[in-house]
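The next part holds the structures, each set out as structure tokens.
One chain, subunit A, links the two complexes that follow: it is found with subunit B in the first and with subunit C in the second.
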Partner chain A sequence: MDSVLEIKRLRKEYKGFTLNDVSFSLPEGFIMGLIGPNGAGKTTIIKLVMNLIRRNAGEIKVFGLDNIRSEAEIKARIGFVYDNPFFYDDISLKSLKSAIAPFYPKWDERLFQKLMEEFDLPLKKKFKTLSHGMKMKFALAIAMSHDADLLILDEPTAGLDPVFRIELLDRLAALMENERKSVLFSTHITTDLERIADYITFIKDGEIVFTAAKDEILENWAVVKTGGDRFESDGVPGLRGYRRSEYGVEALTSDAGAARQALSRDDVLERASLEDIMFFMSKGERHG
Partner chain B sequence: MKIIISNSSNLPIYEQIARQIKNQIMSGELREGEPLPSIRKLAHELQISVITTKRAYDDLEREGFLDTVGGKGTFVSVQNKDLMREKKMKIVEDKLNEAVSQAKMLGIDLEALKVMLSLLFREDE
Partner chain C sequence: MVNLIRKELILNRLNILIFGGMIAAYAVYMPLRKVSSGFLMVSIGVISAFLPISFQAREDRFKGAALNCSLPTSRNQLILARYVTGWLMMTAGIFLTIAILLMIPGGLTIVHSLLTLKSLILWLFIISLVFCLILPFTMRFGFIGVLVFLVALQLLGTLMLILSLMFRGKTNAIRALFNGISGLVRTLKAGLGETGFLLLGVLFILIMNVLSFFISRQLFARKDL
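So, the complex of A and B:
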């Protein structure tokens, strides 16, 4: 299968934060969610892909092309939404559109008009007078109006109300009927787009914890609820993090099969959501 | 075709889909040769991952319920009547098995069980 995005051993150093040895790839025709707590490095990765900042090491290929050498060619085929959309402040959405559209050979004016209407965006208003949510919607309308082969969305649901989030979900689901389209989005609210994501890359403290098909993750990871004493004596196979309360222990395992075998009568094993995984891996206690 | 997905179910989504399609084929709601939506179409409608719908179709294909014809799509396969009957029997057998072991555990004998079964069977008619 061809990858639309291939990242190899990516490294970026900041004072007090290093994105270290990040590798993953997104096959064409699929949606990948880049998840992790705030400050994990999600936006840094996206900025590196978009060549907005300089990397210290590693390689990024988009559509099989080097993302720096073929930047212009690549960007014409990418729809990009940054979590804090920035356009010239003091002009109307209509003028903004007229300035942006010519950069895209495949600009679809009719689709753009339709999206503006659906998203309730006033063409005559100035960008600076819009709320954060509306700025986001405008950026999405632009990103979706030029038949992009790859959508890169950085925290696309931040600041949006639930009604619009569901609309966005539906838009993305519809887009994926075309097997040549791919989406990479980052989010720290996993429940949002969890349903439609095909692949999940989980990043924490600048490093990749895992990158895999979502169904595979949800099959292998689970939460075990057991007694404190039993937890102390027997442990839980594949333990990745746990939380202790007065009445027992909740433990995250990445080996649901073995954990199920080891259950005793009063224990409970439940499917782990991505949110559970993110919580236990970042905030839960760990052995050793 | 009707598919309902529960987010609170303990069954993975691909299995929920596979079971419902299987039931509809067994009950005749989905007929032999009937075309199914493409995996991408179904994923869109259900707003779930393409990988999930693909897994459901793959499983059904392996069990002989669906056929995928390259370039044309996925169809309900022509069912072998004997095989179908066997599959249906197997479903009921599994349920009865459960009832039998429960009955044994609770000390209910075969005669009582037969009476119960006859009563239940007639009640529905």
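So, the complex of A and C:
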């Protein structure tokens, strides 16, 4: 399977934060969700892929090409949405489009006009007059109008109303089915990823905790609910984190099959959501 | 390159109109006050040079570098486009001044004195001096940095003036500096002759621009956005 994005041993040092030895790859035609708590390094990875910041070490290949040496060629095939779109505030959407569109050889003006209409965006309005959600929609319209082979979306659903969020996710899913595009999607809203992602990469404190197929994660990871007096951390195979409450203990395991066999009849094993995984891995009392 | 220049013009349209208006108003008003053509040339040159710097300031204000760097182009191309657009705008400023002077009474005489090889080279020299010095500085420290730099220069000048007054002109470093420069210019002019001196001026303008471009390129290549 060809990878559209391949990251190897990536490193970026800041004062007080280091993105350390990050490696993962995104196969062509799939959606990868990048999740992790605030400050984990999601945006740093995306900025490094887009060459907005310099890396200290490592390698990034997009469409098999080095992201710095073949920068222009690669970016012509990427649709990019920043978590906080940086368009000139005092310029109308029409002018912004006129400034940006000529850079993309595959710009589809009809599609752009259609998206503007669907997203209810007035071309004559200045960018500063838009709400955050509308700004995101405009950035999405730009990113989706040039037949990009890879969409890189940094928190694209933040600030969007639930109706549009679901519409957007459906649109992305359709894009995958019909045209085999690829998407790298960073978000805090893990339910969005449960709807559409094929792969999940979890990052915490600048390091990759895991990168795997979503179905594999949802199949193997589970939440064990047990009485506080019966709980022993060594007794749960694949334990990644737990929390105690007055009602007992909830524990996250990455080996649901083994945990199922090790538990007593009174314990409950439930499928872990991505939100559970993110919570226990970030805030749980112990993580492996 | 054409796309990059077009983008600069679209995103900075309002600034272009404002600066164009300022240059036009200045070109009309100053001859009425009977200022010398040299003074007019210097002031229009400085205003023109600040137009491309204002592009950089806007980019800084709107964090436009992140937008620019997400487009299918390289950072080197972005910087080259900023210099090319800058020179296009500054040249347009010169043409606008000349066009306006040709339309106002008494303007033709000024145009005649401006349209000599010596005047044009001097004009380009002034523009280059401002543009080539401040643009890399803006790129590194942002527009606020430029303002701090200009205010610091003012304060330094004031301090020098105060010191020279206190010591009755014996240690006027500014005067000494200008005397030194004009002495050097006189020596070069005498040594090289008029044509040689003008050629040296052109060479100096080119070197300033090339140096400034490479410094800007290096600074921008190292910039984290």
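Just so it is clear, the second predicted complex is superposed on the first by the 281 of 288 C-alpha atoms of A that agree within 3 Å, B and C clash if a C-alpha of one lies under 4 Å from a C-alpha of the other, contacts with A are read in each partner's own complex, and residues count from 1 in each chain.
In this text, a residue touches a chain if its C-beta (ideal position, glycine included) is under 8 Å from a C-beta of that chain, and two chains touch if they have at least 3 such contacts.
Bear in mind that the values here come from a model prediction, so they are computed numbers and not experimental data.
Undergrad: Based on the shared subunit A superposition, would you classify subunit B and subunit C as clashing or fitting together?
TA: Result for subunit B and subunit C: fit.
Undergrad: Just checking: does A:177 make contact with subunit B only, subunit C only, both, or neither of them? Give me first, second, both or neither.
TA: first
Undergrad: Quick one: classify A:30 as touching subunit B (first), subunit C (second), both or neither.
TA: The answer is first: A:30 touches subunit B but not subunit C.
Undergrad: Would you sort A:121 into first (subunit B), second (subunit C), both or neither based on which partner it touches?
TA: A:121: touches no partner chain.
Undergrad: Give the label of whichever partner, subunit B or subunit C, reaches more residues of subunit A.
TA: Tallying touched residues of subunit A, the top partner is C.
Undergrad: Which partner does A:213 contact after superposing on A: first (subunit B), second (subunit C), both, neither?
TA: After superposition on chain A, A:213 lies in contact with subunit B alone.
Undergrad: Kindly classify A:271 by the partners it touches after superposition: subunit B alone (first), subunit C alone (second), both, or neither?
TA: A:271 contacts subunit B only, not subunit C.
Undergrad: Give, as a whole number of angstrom, the minimum Cα separation of subunit B and subunit C in the superposed three-chain arrangement.
TA: It is 28 Å, taken between the nearest C-alpha atoms.
Undergrad: Taking the touch rule as given, give the residues of subunit A at its contact with subunit B in the complex, in rising order.
TA: 29-31, 169-170, 173-174, 176-179, 195-198, 213-215, 218-219, 270-271
Undergrad: Would you pull the subunit A residues touching subunit C in the complex into a rising list?
TA: 47, 50-54, 71-76, 80, 82, 86-91, 95-96, 98-100, 102-104
Undergrad: Which bits of subunit C are touching subunit A when the two form their complex?
TA: The contact residues of subunit C facing subunit A are 3, 6-7, 10-11, 13-14, 58, 62-64, 66-67, 69-75, 77, 222, 224-225.
Undergrad: Spell out the residues on subunit B that touch subunit A in their complex, using ranges where they run on.
TA: 10, 12-14, 38, 40-41, 43-44, 47-52, 55
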